[in-house]
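First the structure, then my questions, so here it is.
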Amino acid sequence: MNIQFTAEKLLEVKDIIARYPDGKQKSALIPVLHLAQQEFGGWLDVPVMDYVASLLQLKPIEVYEVATFYSMFNMKPVGKYVLEVCQTGPCMICGSDRIIEHIQQKLGIKPGETTADGLFTLKPAECLGACGYAPMMQLGKHFKEHLTIEKVDAILDELRAAAQS
Amino acid sequence: MSDIQKVKVTIDGISVEVPVGTNIVDAARVIGGDIVPPTMCYYSKLEGSGGKCRSCLVEVSKGSEKDPRPMPKLVASCRTAVMDGMEVKSITSDRVRDAREGVTEFLLINHPMDCPVCDQAGECKLQDLSYEHGDVGTRTEFVRRTFEPEDIGPYIQLHMNRCIMCYRCVFAAQQLCDVREHGIMNRGERSQISTYIEQALDNEMVGNVIDVCPVGALTDKTFRFKNRVWFTKPVDAHRECDTCCGEVRLWMRGEEVYRVTARRDEYWEVFEASNGKTGWICNTCRFHKKKVSDWVIEGPAKINRHSVITQGHYVGAHNPQENLINEVIGKSPKLLFDIHSQSDVNRPEIELSHISGPAHSDNFLPNKKIDQERVLDVGRKK
Amino acid sequence: MKLLLAKAHIPNIRSYEVWKANGGYASVEKALKMTTDEIVEEVKKSGLRGRGGAGFPTGMKWSFIAKPEGVPRHLVVNADESEPGTFKDRYLMEFLPHLFIEGIIISSYALGSNTSYIYIRGEYAWIPDILNAAIAEAKAAGYLGKNILGTGFDLEIHVHRGAGAYICGEETALIESIEGKRGNPRIKPPFPAVQGLWMRPTVVNNVESIAAVSPIIEMGGEAYSKIGVGKSTGTKLISACGNINKPGVYEIDMTISVEEFIYSDAYCGGIANGKRLKACIPGGSSVPILPANLLLKTAKGEPRMMNYESLSDGGFQTGTMMGSGGFIVLDEDQCIVRHTMSLAHFYMHESCGQCSPCREGTGWMYRILKNIEYGKGKMKDIDLLWDVQRRIEGNTICPLGDAAAWPVAAAIRHFRDEFEWHVTHPEEAQVRNFGLAHYADERTVVAP
């Protein structure tokens, strides 16, 4: 894969850098890593991080340190859809254990694993800030809330269909 | 009179005057002795270090002359500046001793305890900390944390399982090298020292990370498994070097140089070199000058006897004698006697560094004189 | 009494036109005619306490900001809402972005910040779009940008998205994170008010605190301080969740009782499925959990009220804290050991790993709790757990150590019988829950 942002994305990077004072372009690191993860296959491979480092005039090690710290950056390849199911206290008392169990059985994967077809990754997550709408999971940019077993089945079917078309 | 304003601080009842802005640890080091808080992460020569290991916690029982209120929490003495009239309790505070015991336990629950095969054993700060502040026994029954081994080149051995995350090596690489190539990866209990891409650290000054490491996480690969530190004799030496100050400490056995390090004081801090700068040394001096003829020998180095080198170092010794006497009825348990009544090995008056070659029981025979001349001659032969 | 959510029911209130038509930006116009000192004075008078969890008086925090010549100052809004049980800031930002922006404009003006940042947690991925749209609208209307309303005051607001780290809710970790570093809290002093973002004087405030500045300026600090009771002035958003009939975000004026809050149909609407109340964590997962009997009445036998003083009545022995207002209710079917284990896992996962007690201690607590929960615990493990939390608390760089220790301490303090039952009945504990004990709420339960 050629690791190079499109011209349009490069403009976005420039915009992000401009939010911070001159010489403080390191502040743009986390937003640019988000962008890179989105553009280059959903995870951060070493060449991707090196590319980000060169864009922001940083040492590669500074990028590795930051990328490995934050839980939203995937350091290994993930499936097309990452099911991040919250498992913290408030979700747990509302039944998140059952939801995680169900997804494991239905997809035949353990937490942290990806299905053989590369479609789904199950990633149990810590509190995502939707405790009142528990149990819930994050799917890409959005939250799926008030989950039930049936609702999870419907979501998985919908995603499969979307991936095929 | 000097322009530097001085403030008075009292630590465990001993008063000392230090310049404004000095932190509590450095003030305590001016006093010296047992009241000096242990420091696993603080390194005065590395900017930004300290505050992380929490082993130097002290109680501030009086904030200052102006504001005498005590500080509610224990504070990290390495990152707290002294105020005029401040009163600090270090080993005289039960809270402090309890907290340090806690920190020691936290640092040990995932430590591999592989001292018998660790090159740092004998000069390890974690060993010292456990002797002085640790509890007997262990309360954890869980599998210890391990990391995948990572090769960081031919000179430095990284043993992440032993690391206590003091960050000293990161500060050292940041401040001494042009490019820092290793750092902290991941977070929480999985945080680790790594290059992430398993590359060799090859900066000319990067060898100093070995000297600042308080434990056996970063050791000298050229010295690996060659000897135990207590069998080697420290000898100060120097050479002309374009890169660094060239003032080093050779760790020798017989006439062989096993290891070269910077000169460090009892707090593990590198001495000031004669040029007035901190005495960091370069990789060439450290790894490639292993012949006596490379060096001008200055003489044996005086080292602080501590940890395994000195027995009788345990604080609050646990003494089961009374119980045993009841149990063994009439038989004297020889093992529990003072070692000196049975053996002359390691007599306190014998300087280990004056012993030529490996320490041997012959060296400890009664009335045995140490041949000082032979030691000093080492460099001049050949 | 509603101040923050007063307009939340108006359709399409998210858009600038509707907001403006309903009296929006009046507070900004009023504030920009005042001097900065007058605004700080009003906020001080209001008695507003930081809504992020610590409850530090906002006006006082503002007055600490250093003002060295020629050094820019910054306001950073802490929208890294990650405390389990808390989702109130999300509601404010998602539905009332203009109220939030009003607060930022006034606060930035008062603090002299020409560039202010909103640090939002990365998982709230769709909210930056809402905020950026609202910022653009406010800019088009002349409330942001250069020379706002002809006062000569310039302000830009930028949204900075985090990437998944609870620790970045700690103000110095948040600052490090904006600087593009790992979210390791800094060792204080220096405090952010002196050396914060890029070593410049910085104030970090919670979203709700900043949003509250708008009604304070509109009604005056004096009037705001008359709402509520004692030092708990104004209104507080409570995000209620767990086993209740009506989870959601409620605005309360801190004069109602906990009992009313849980059982009234205006708020939580009682415990779900006709169950009984077992326990509650009233201020986000970090504050001590209380059993029903101590939650509804203080140790002195007085009804416990939903305000800072009453919730902390009795200290940690018999009280708890207001915290961030994340109100987690547990019914009789919940297992305290399992819940505590889940929270311990959270803190283990979120510890930055910088200082030893937190890095090693949080994982240790989780593993001991896991043993007890899965029937492998011993009696001495409970004492060990107590000892571990005790040695973490107060000995760490930042409050995450305390936050990890308090829930464990409180669970053992109030529910020790349940821990012991897990140890003495390891097999039974795998198939059923301990249920209620002497600490149950005495009220009769009506079946649904």
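As written, the chains take the letters A, B and C, and residue 1 is the first residue of each chain.
Just so we're on the same page, a residue touches a chain if its C-beta (ideal position, glycine included) is under 8 Å from a C-beta of that chain, and two chains touch if they have at least 3 such contacts.
From a predicted model like this one, the values you see are computed outputs, not experimental measurements.
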_Closest chain to global C-alpha mean, per-chain Cα centroids_ = C
*Ranked by contacting C-beta pairs, which pair of chains comes out on top?*
A-C
*Just grab the chain with the largest centre-to-centre distance to subunit C, centres being mean Cα coordinates.*
B
*Just give me the whole-number Å value for how far the CA centre of subunit B lies from that of subunit C.*
43
*Distance from the CA centroid of subunit A to that of subunit C, rounded to the nearest Å?*
25
*Quick one: which residues in subunit B touch 2 or more of the other chains?*
184, 186-187
*Send over the residues of subunit C in touch with two or more other chains.*
165, 182-183, 349-350, 352
*asked:* At least two partner chains per residue is the criterion; list those residues in subunit A.
replied: 62, 65, 69
_Residues of subunit B defined as touching subunit A within the complex_ = 179-187, 195-197
*Name, in rising order, each residue of subunit B that touches subunit C in their complex.*
50-55, 57, 73-74, 76, 79, 98-99, 102-103, 105-107, 109-110, 139-140, 142, 164-165, 167, 184, 186-191
*In the complex, subunit A residues that touch subunit C*: 19, 21, 24, 26-31, 33-34, 56, 62, 65-66, 69-73, 87-90, 92-94, 125-134, 138, 140-142
_Looking at the complex, which residues from subunit A come into contact with subunit B?_
46, 59-62, 64-65, 68-69
*asked:* List the residues on subunit C that touch subunit A in their complex, please.
replied: 72, 81-87, 90, 115, 121-126, 158, 160-166, 177-183, 198, 239-243, 247-249, 281, 285, 326, 328, 330-331, 334, 338-339, 342-343, 345-346, 349-350, 352
